[in-house]
Amino acid sequence: MKRTDVIVASLLAVALAVVSAEAQNVVKIGQVEAQTGANAIYGWMSSQGTALAVDEINKAGGFSVGGKTYTLQLIALDTRGEPKEASVQLKRLIEVDGAKYIFGPFLSNVFLAIRPYAAEFNGKILMWGGATRIHDYVGTPGHEFLMRTWNWDAGPNGFGELMVDDLAKHGVKKIALLYQNDQGGKVMEDIYVAMFKRKGIEARLDYFEPGTKDFSTVLAKIAAWKPDYLFPGYADSYIYDIVRQATETGQLTKFFLVRGSLGPGLKNKDALDEYVVYVPKYFEEAEKKDPKVQKFVKAYRDFYKRDFPYDQAPLCSSSCYDHVYMLVEAMKKAGTVDDPAAVKRALMSMTYEGLWRLRFDDKGEEVFNFDVVRLKKGGAIEVNHINPK
Amino acid sequence: MLSLVAGQVLNGAIVGSMYGIIALGITLTFGITGIVNFALGEFMMIGAYATFALAERGGLPYPVAVVPAALIAAVAGYVCNKAFFRFTRGNLVNGLLVSIGLISVFESAVLWYWSATPIEMHYVLPGALRLGDVSLPKMKLLVFAVIVVVIALTYVALAGTWLGRASFAYAQNAEAATLMGVHTERLVTAVMLYSTGLAGLGGALYASLYSLEPSLGGVYVLKGMEAAILGGIGSLMGSLWGGVILGVIEAVGSIFLPTAFRDAYGLAVLVAILLFRPAGLFGDES
Amino acid sequence: MRSDFVLTIFIYTFLSGILTVTFDLIFGFTGQLSMFHPAVFGLSAYVTHLLVLHVRLPFWLATLPAAAAAAALAVVVGSICFKFRLKTFYFAVVTLAFAEMLRLIIVNWNSVTNGTLGLVVSGKPTIWWPGTGIVAIRGPVAWYYLTLAALGATVFICARVLASWMGRAFGAIRLNEDLARTLGINVFRYKLVSFAIGNALASFAGGLYGYYTGYIDPGYLGINQSMEVLAMVLLGGQGTLTGPIVGAFVLTALPHVIDLRAEARAILYGAILIFTILVMPRGVVGTLRAWRVRRAA
Amino acid sequence: MACAAGRVSGARGGSLLEVRGVTKRFLGLVAVSDVSFTVARGEIVGIIGPNGSGKTTLLSVIAGMVPPSDGAVIWKGEAIQRLRPDVIAARGLVKTFQNPQVFAELSVFDNVLVASHLALKHARGRHRALTLVGIEGRAARGLAARVREVLGLCELTRAADQPAGNLSYGEEKMLGLAMALMCEPELLLLDEPASGLGHEEVDRLTAVLRRLHDAGTTLCIVDHKVGFLRGLAARVIALNYGRKVAEGRPDEVLNDPAVVEAYLGRAHA
């Protein structure tokens, strides 16, 4: 017992030493994302975008606020998708490293586990996460520190709402939902099953265990129900297999996605009839038209020395890339780097023109322009750019 | 409805054969070295990514790529045996811990190189075969055939070769076998090479059916263990049957019952069978 | 200012410690490789919270039915396994199977468990404190002492059991079942006793864990939890009471000590696991002990 | 042995153990075939026979380690052939192993302490639970004393603290005996206790067994060392090929042609 106290004390002393030894004009950005492990995909991509932006800004000599020049320090920690790790890491970021700006998490179970602790620092930190469950808390009293960096599905600006309306317009009567049985899938059930009902579309939902790779059985089951569209979960690692196995036997050929990417559709473009998907940005097209996007793609290639993941990038990498810049802009606007509350006020009142046009609604949930891509048999693509008011 | 069931029985058997090939590796390793190579799934993963690299990056035709991929996995297995498993022989749990460590190492290494974005090979043999209302993907049928042949050959070979006699003798009675001049070290090495090679082959075949991610092996090693026990540790054909039965149960089970419980159906049957035949379906009671 | 960061590592160490010590009672002392631990851990987290939520029991009262449930479940699962003489690998896989089935039930029983969304736990356990009266346990320091006390109690109980005739019976079963039988030890019963006690005590870890993190989800019952507990015990030293706690501390702190990019960190983590067990096959404590004995002799 | 004496009950004077037409087949071959005999309280009965004559199997059947294919084992007028070995041991019928079984990792003292399971149970019954909360320290102290007593009886006191793994073969056999004694047997089944022992070890063993017998323990000793048994047993049963070929006073039995043949082969008959 005594000994443990000694250890605590000594470790603590070290920690303090670290904190005080830090240079003055560095703004620390902490990041808690799953970069490894089974659910790494979202966190991994977002940590890539953040690192890239931070590198660019520092290479450009940092930024100046109130006549003082600051550089960014990114401390990206890998939660491995484990709430336990994340909660320890968040404490480290806030107390030991003294980071005031936290990016992430994208995983809802991680968010829910670290929320109570983060809330203790309400007003002293700013947390930017993409997790779906943040939606339940953002803008509620005691959670002023919280902002959600992702469009919400439902509501007037909701991309899901809009896409389902479109389906209804096309006279769709039956849709089969096939979600992975986890937090994300459950949230989507809560959003979409109700939504389809409202729009008079008959929906049936099947869950599969995460880790499943062979969907033949459940697909056969669904096919026997003869739906107009199949609406598979949200992670590409499953959607690739679902789309392949559904089309290979010609059981189901029309797909509708609000998460995931265009990749699976393109891969099976000859076997399917239609593939409607929400992508924050259709990069293959944007790269040709938009110089900003061109620059970003090039920067990514140079920085990571690997080919650009067109299908995954839109998921979050680049929106995190934008967020770093947006945060810097907000700091300039607020004229301070160490008053998260002021920085948040600035963020709420601004619109940032990066790869996206980013702004936050009055709750602190992000609203940005996105694309809905409709892929037809053989690869004909029709992109629909949507710019929420 | 009938065609639905028939189709799923076939499909279940195919999927199950995939469990079977891992189960075979587990049965061999456990029988001879007394360790459960929990990392076998990782060698499967290595085989899968190696196939992808050789076929997509190296430009080899898939059938050609499969062989070196399996070999790569086997070599990895050989190294791990020489470096680690050699020291945990006969110690189930320490071997298990080494496996846990290896999983962390391999998956992170692959993640480092390939990133977390799911990757998928070009389709080797697209399209499906129609038999009445039942339609099965051609590639799946091919994979099934390959696995059945491999396991059958293993069975035949083990009956008639030095490795076979040695391993049977060893499995019966270690000391006696050693006295009879069975070179334990050589035997164990051979078994490790073979089981990891099998896993690699399994991975290579997997790569032609599903998209790849670093954690793909985890599910299969669990199913493989279930299948091995279901069939009876030490029984070669038993491992194939165990896998097939498991696959069919999961498939048929999830036709009539919620898909969300898919894994539970297999487990329930496994437990039930163990209670009546503690040594598994094809294991020898004693 | 004190560092919650460090305290938190200790709190998690103590919570895991409850799991590892009780697991070692079943595995290290009685020789039964159980994969059922995370199941009771998760289950009791749910039971405790649901009782507080719906039955309005105070936390401490709610942990008792949870422990009872854990024990009852252990008796059922244990009887099945031990009646049919399932050993080592077989026992491990069957207990794992039961754990998985339990997890799937909790995952899919939405009306009660809220499925994969999990349950947000807002309350905190309260204790009576001289002078101040009833106080809720908040903040790292309070939790540090609470979890330490809980671990202490667990170790104490295990130590008493192991010092008694039961402990001797456990050892006999681990070392030589046939001999144990001829000495009149009811192998089946004492395997069951060990399994039940271990799981019942482990259930407290579940209840506390849920109330400390303030969030419960089916991940609690995941198989990797099983693997982590096993790793902690083997690393620390099986068949000892201190070993599992040492292991819990090492594996809880380790990921936060390695300061590398994610992938490298995970690789190093794995490598450390492997080499520790190769260099110290009996775990840190076990090996140190053997070394001391050798020096004494 | 106070505790043991206290538990004398059941068929007073009459036969303590009765083996009734016991037969044991292992996949076809017959190890024990239709063997019957009785053991009265306070007797020392010897069972002799060449190797492979089924002695060990017979003992295992009696001790409940293997169920008989046929026949019955009656203990104090109660059929026990279907009971678990631990239950049988708990009823006072305890067996030692031919090649000694010990807990190699534990010290000799702890080996015997583990064997005190039944002793404590008989002495304290449910009250054992109290030892958990620290009360009833007496029980624990009592055990320790008893263990030392038994160790002394078996002349293992000097070895008490070393791990059982380090013992010599002879000492291991003694330890096996000590553990059996700790179980407070009414009838002690000894499987070839003298095999592999040197002369002085055999003498020591004989002395110990005598002391036991004087203390009121009934003994049933299996051995092919005829000389050793002649010194001890009042009555001897001879087995050959799983059959009982002779029974009676040692010298009678040893001169019985069937026995001579069994040991020396036809030529001498």
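When the chains are written out, they are named A, B, C and D in that same order, and each has its own residue count from 1.
As a working rule, a contact is a pair of C-beta atoms (placed from the backbone, for glycine too) under 8 Å apart; a residue touches a chain by one contact, two chains touch by 3 or more.
Values in this document were obtained by computation on a predicted structure and should not be read as measured data.
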item	value
Contacts common to chain B and chain C (chain labels)	A
Innermost chain, where centres are averages of C-alpha coordinates	C
Greatest separation from chain D - chain, by CA centre	A
Rounded Å distance between chain A and chain B, as computed from the means of their C-alpha atoms	36
Separation of chain B from chain D, taking each centre as the mean of its C-alpha atoms, in whole Å	50
Between chain A and chain D, centroid-to-centroid distance (C-alpha), Å	74
Residues of chain B touching at least two other chains	107-108, 111, 258, 260, 263
Multi-partner residues of chain A (each touching 2 or more other chains)	35-36, 181, 207, 209
Per-residue multi-chain contacts in chain D, two or more chains	none
All pairs of touching chains, each written as two labels joined by a dash	A-B, A-C, B-C, C-D
Contact footprint of chain C on chain A as seen in their complex	1, 4, 7-8, 11-12, 15-16, 35-36, 47, 76, 78, 80, 83-85, 87-89, 91-92, 95-96, 108-109, 112-113, 115-117, 133, 181-183, 185-187, 207, 209
Partner chain C, residues of chain D touching it in the complex	63, 65, 84-87, 89-90, 94-95, 97, 101-106, 110, 113-118, 120-121, 128, 131-134, 179-180, 182-183
Interfacial residue positions of chain C with respect to chain A in the complex	1-10, 12, 104, 107-108, 110, 115-118, 120, 148, 213-215, 217, 219, 255-256, 262-263, 265-266
Interface residues, chain C side, partner chain D - complex	160-161, 164-165, 168-169, 171-172, 175-176, 178-187
Residue ranges of chain A in contact with chain B within the complex	35-38, 40-41, 44-45, 181, 206-209, 211-214, 216-218, 220-221, 224, 236-237, 240-241, 244-245, 248-251, 267, 271, 306, 309, 311-312
